[in-house]
Amino acid sequence: MRSSPFFHFLLRLLYQQKGKHIGAMVISVLMIFLLSSVLFVSSALQHSMMQTLQGEPDFTVSRVRAGVPAPLPLDWIDEISQLNGVTSVVPRVYGRYYFTPKGDSFLVVGVDMFDEQNIHAISTLLHEVNLQAFLAKPSMFVGEGVKHFLKRHYFSDHFNFKMPNGHFKEVAIVDVLPHNTNLLASNMVLMPLALAQEIFGFSSEEVSDISFNVPNDAEWRTIQNKLQWMFYDVRVVTKKEIKEAYIHLFNYKGGLFLALYLVAMLTFMLILYQRYTMVYTTERKEIGILRAVGWSINDILRLKLYENMTIVGVSFLVGVVLAYGYVFLLDAPLLRQIFLGSGTLLESISFVPYIPFGLLGSLFLMYAVPFLVAVLVPAWRVAVTPPKEAML
Amino acid sequence: MNEVLLSHEVMVYLLSESLLYGLLLLGFLVSLRLLKLWDFEAFTTQQFRLETQSYLLATILLFMIVIKLGLLPYFVYTLDTLSDIVPGAMCGAGVIKANSYGNPLLLVKSITLVLLGIWVTLHQLDLEKKNYPYFRIKTWFFVAIFVLLSVEYGLDIAYFTQIDIHKPVTCCSVIFGQVGGANALPFHLNTLQLLLLFYLSFVLLWVLIVSHKVVWSLFGVLLFAFFAYYSVVYFFGTYIYELPTHKCPFCMLQSHYYYVGYMVWGLLLGSVFVNVNRVVMQVFFHQSVETLQRLSWLLPLLFVLLCSLYVGVYYLKNGVFL
Amino acid sequence: MIEVQGVSKTYNDGTSQAFDALKEVSFCVKKGEMVTLLGVSGSGKSTLLSLLAGLDRPSQGKIVVDGELISKLPDLHASRYRAKGVGIVFQHFNLLESLSVEENVMVPLIHAGISMETLQSRVSKSMELASITHKATQKVKALSGGEKQRCAIARALVHDPALILCDEPTANLDRANSLKFIEILQTLKGLGKTIVVATHDPLFENLSFVDRVIGMESGEIVQ
């Protein structure tokens, strides 16, 4: 491959004059690092959420009384099953169990262990579990965060739940949920439905919600209306609504952050403009020399453009690589607290890399366009320096 | 606040467009001064200064066209991401129809790119001469482009601020679907006739370019683009999606089709762009630009090959056509 | 080769500080001739040289070099004129201090559309002609005055220009280096180059290979 004299000269000049550009590069790398880290975390979380949502049921029905969630009767299952187009109707019991009042808590989820779908899901998650042994005595699966937490409190293979009637219930810890479910399941406990009902003081006929699927999405609207007619105090949430809510939440939070970042970016543009407008005597002389020996204004502009593009490219690459390492190799210390909170149960969550190509494009545009706009007029001003004046 | 404006892609897009428009305004002010005071025959310091200022205008426009060439696919990508929050939209097709500004905006964007390309070519020709013979016409042309770019910027703001995420839009199967005789092909053509005209118009375009029939080749490329658009949406697209009922120009821009839509529409737009540019240079300025000449037949060829490849590969894999 | 017809140059025209650097100067230089413009500081010889180089434009008059009217060339064409046909040696050398000798010498050829290999061979030849090859990789700021001048000469010759313009080339050299420089000029004259030197150095007054001496005073030709 023939090397170009122009690029050879450009690289030599950049190397010799690296001191001139180092300030702009350092700030650029910092800004890109910050922005990329936030967007990488947000993207990873959003992707994990969406992936998890794939496995969620299409509809979840719960009950609201005086604006507060209330248990619903188990016989709603029969009524819902009778609706045309509805499949896999499954009850769930869940709630927050507080280890100490106003202290740490974990999510207890009770599912019907005899339901085919649930058995299949659990077998997929935990390959070696013996379900019969599991159901022989009160047992549970715990998330990694719960496991570590209980161990710190000297509960290594069982935990004593304090029940509403004042008695304790010893429940054995059979297995830990896999690491890759940590984002949602780290502080979760999975147990049989009846056990969860006992722990929360539900009767055997009460559950927290009922979930089901409606394969034909053209029927969703109709099913939602029918449920509203059947039960006056029902609350119906569809998977699509959850997905939209998450997207709105991420957009809202991300958008606010970006808006603030914009202010920082505009300030940086101003600094860049000022810096590159202050063309020192030596630089004016150098440009004058180049023009005197036969370089045209276009040639100088081309040199300046490539100079700036190199700074943009290198800063972007370094910033993005550093952000990738920070988020996906080091699990974003400090930043993770902003996104996930600071509960000890959340320490075992790690971010799964997910960087869509469009995100990189957005990052690049967000940085490169303001940078190049800021340096365009100063670059022109330098390029049109009359050669005679610059050489005096 | 309109939630659409909080989407990352929309923010990045509008920021880029706003910064470019700021530069453009500066260019416009410079152009007014140039038009008022330019006199190449004068030996004054003022004239020399005006010549250097003309370089500022050129730099701004060259920068603009490069960024806008990148922003057009990014705009389309933004529409695609908005389909997640605009109810009823499955791809950019629904989002662009979210209000009445969408389609005009897309059209104005394409036209401004073509015009910017013509300006850049004219500028290169002007520089090559020793007395700036096209200076005034070039600068007035920029003023016209400025007006159009202002309209484009206004449409950008209007479009994104008026997308109502509570109002469902129609998806591409309704906009482009042909179930029940809807969205019939122009001139009541059937698919076979459309394909025939597509390939014939391509051959005609080539013949006109190769035989240097300049003005006719302009009609040739517009005719080719017309049949190409319908062929891609109603025939070649179905081979990209591998579904005979899926007719949409936007879905092929998504990741599950490996973003091939950008290549397809990019090649078609590029073909029109280059041919219009070439014709304008030859007809109005009697200049033949070698690069444009070469690209004017190469881009349509690549476009036709790419589209035909999808059909060919499908047939080879499955032994039948859709 | 060079025709200067009624050339005037006014700085700060249209203001109260307007100053006539050149007043209706006319002369010719034939191809292969060496001409010395002799005059004190402020006589207009450097201004005239910058007009001949296309670095500036006259306020009045015409300058034709090799049949091309260079007095009204736009920047792109003036740059091409310099890049192809003019080599300039400046009073203060005007080298890029942060780069090496060979990097300075290559500068005029960077936009010549040639490969790196061809460029490097031309640079080597030019450095040899100026006797500066032994300092090729050294940074310019570490060179002596005489060495810097030879580097400047190498740069002025690398693109094989037909016209060489020298603006006070010996002003910052000692006598020994000045004489060496004059030797190089003699060699270039022998190679058929057209040379115009603007100077007030008395060393140039009685050189045998100088075809003509043009005296200048207050922007006018006096002899």
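The letters A, B and C name the chains in turn, as written, and every chain counts its residues from 1.
Keep this in mind: a contact is a pair of C-beta atoms (placed from the backbone, for glycine too) under 8 Å apart; a residue touches a chain by one contact, two chains touch by 3 or more.
Everything quoted here is computed from the prediction, not taken from an experiment.
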{"item": "Pair sharing more residue contacts (C-beta pairs) when B-C is set against A-B", "value": "A-B"}
{"item": "Per-chain Cα centre nearest the global Cα centre, belonging to chain", "value": "B"}
{"item": "Where chain A and chain C are represented by their mean Cα positions, the distance between them in whole Å", "value": "65"}
{"item": "Averaged-CA centre spacing for the pair chain C and chain B, given as whole angstrom", "value": "50"}
{"item": "Distance from chain B to chain A - Cα centre to Cα centre, in angstrom", "value": "35"}
{"item": "Sequence positions of chain A contacting 2 or more other chains", "value": "297-298"}
{"item": "Per-residue overlap in chain C, given as positions that touch at least 2 other chains", "value": "75-76"}
{"item": "Residue numbers of chain B (touch at least two other chains)", "value": "52, 55, 127"}
{"item": "Interfacial residue positions of chain A with respect to chain C in the complex", "value": "2-6, 8-9, 12-13, 16-17, 282, 285-286, 288-299, 386-388, 391"}
{"item": "Chain B residues touching chain A - in the complex, by the definition given at the top", "value": "3, 5-9, 11-13, 15-16, 19-20, 22-23, 26, 52, 55-56, 59-60, 63, 67, 70-71, 74, 77, 81, 84-85, 127, 255, 259"}
{"item": "Residue ranges of chain A in contact with chain B within the complex", "value": "39, 243-244, 247-248, 251-252, 254-256, 258-259, 262, 297-298, 301, 356-359, 361-362, 365-366, 369-370, 372-373, 376-377, 379-380, 383-384"}
{"item": "Chain B - residues contacting chain C, complex", "value": "43-46, 48, 51-52, 55, 127-128, 130-132"}
{"item": "Residue ranges of chain C in contact with chain A within the complex", "value": "50, 53, 55-56, 75-76, 78-80, 82-84, 86, 88, 90, 92, 94-99, 103, 106-111, 114-116, 119, 155, 159"}
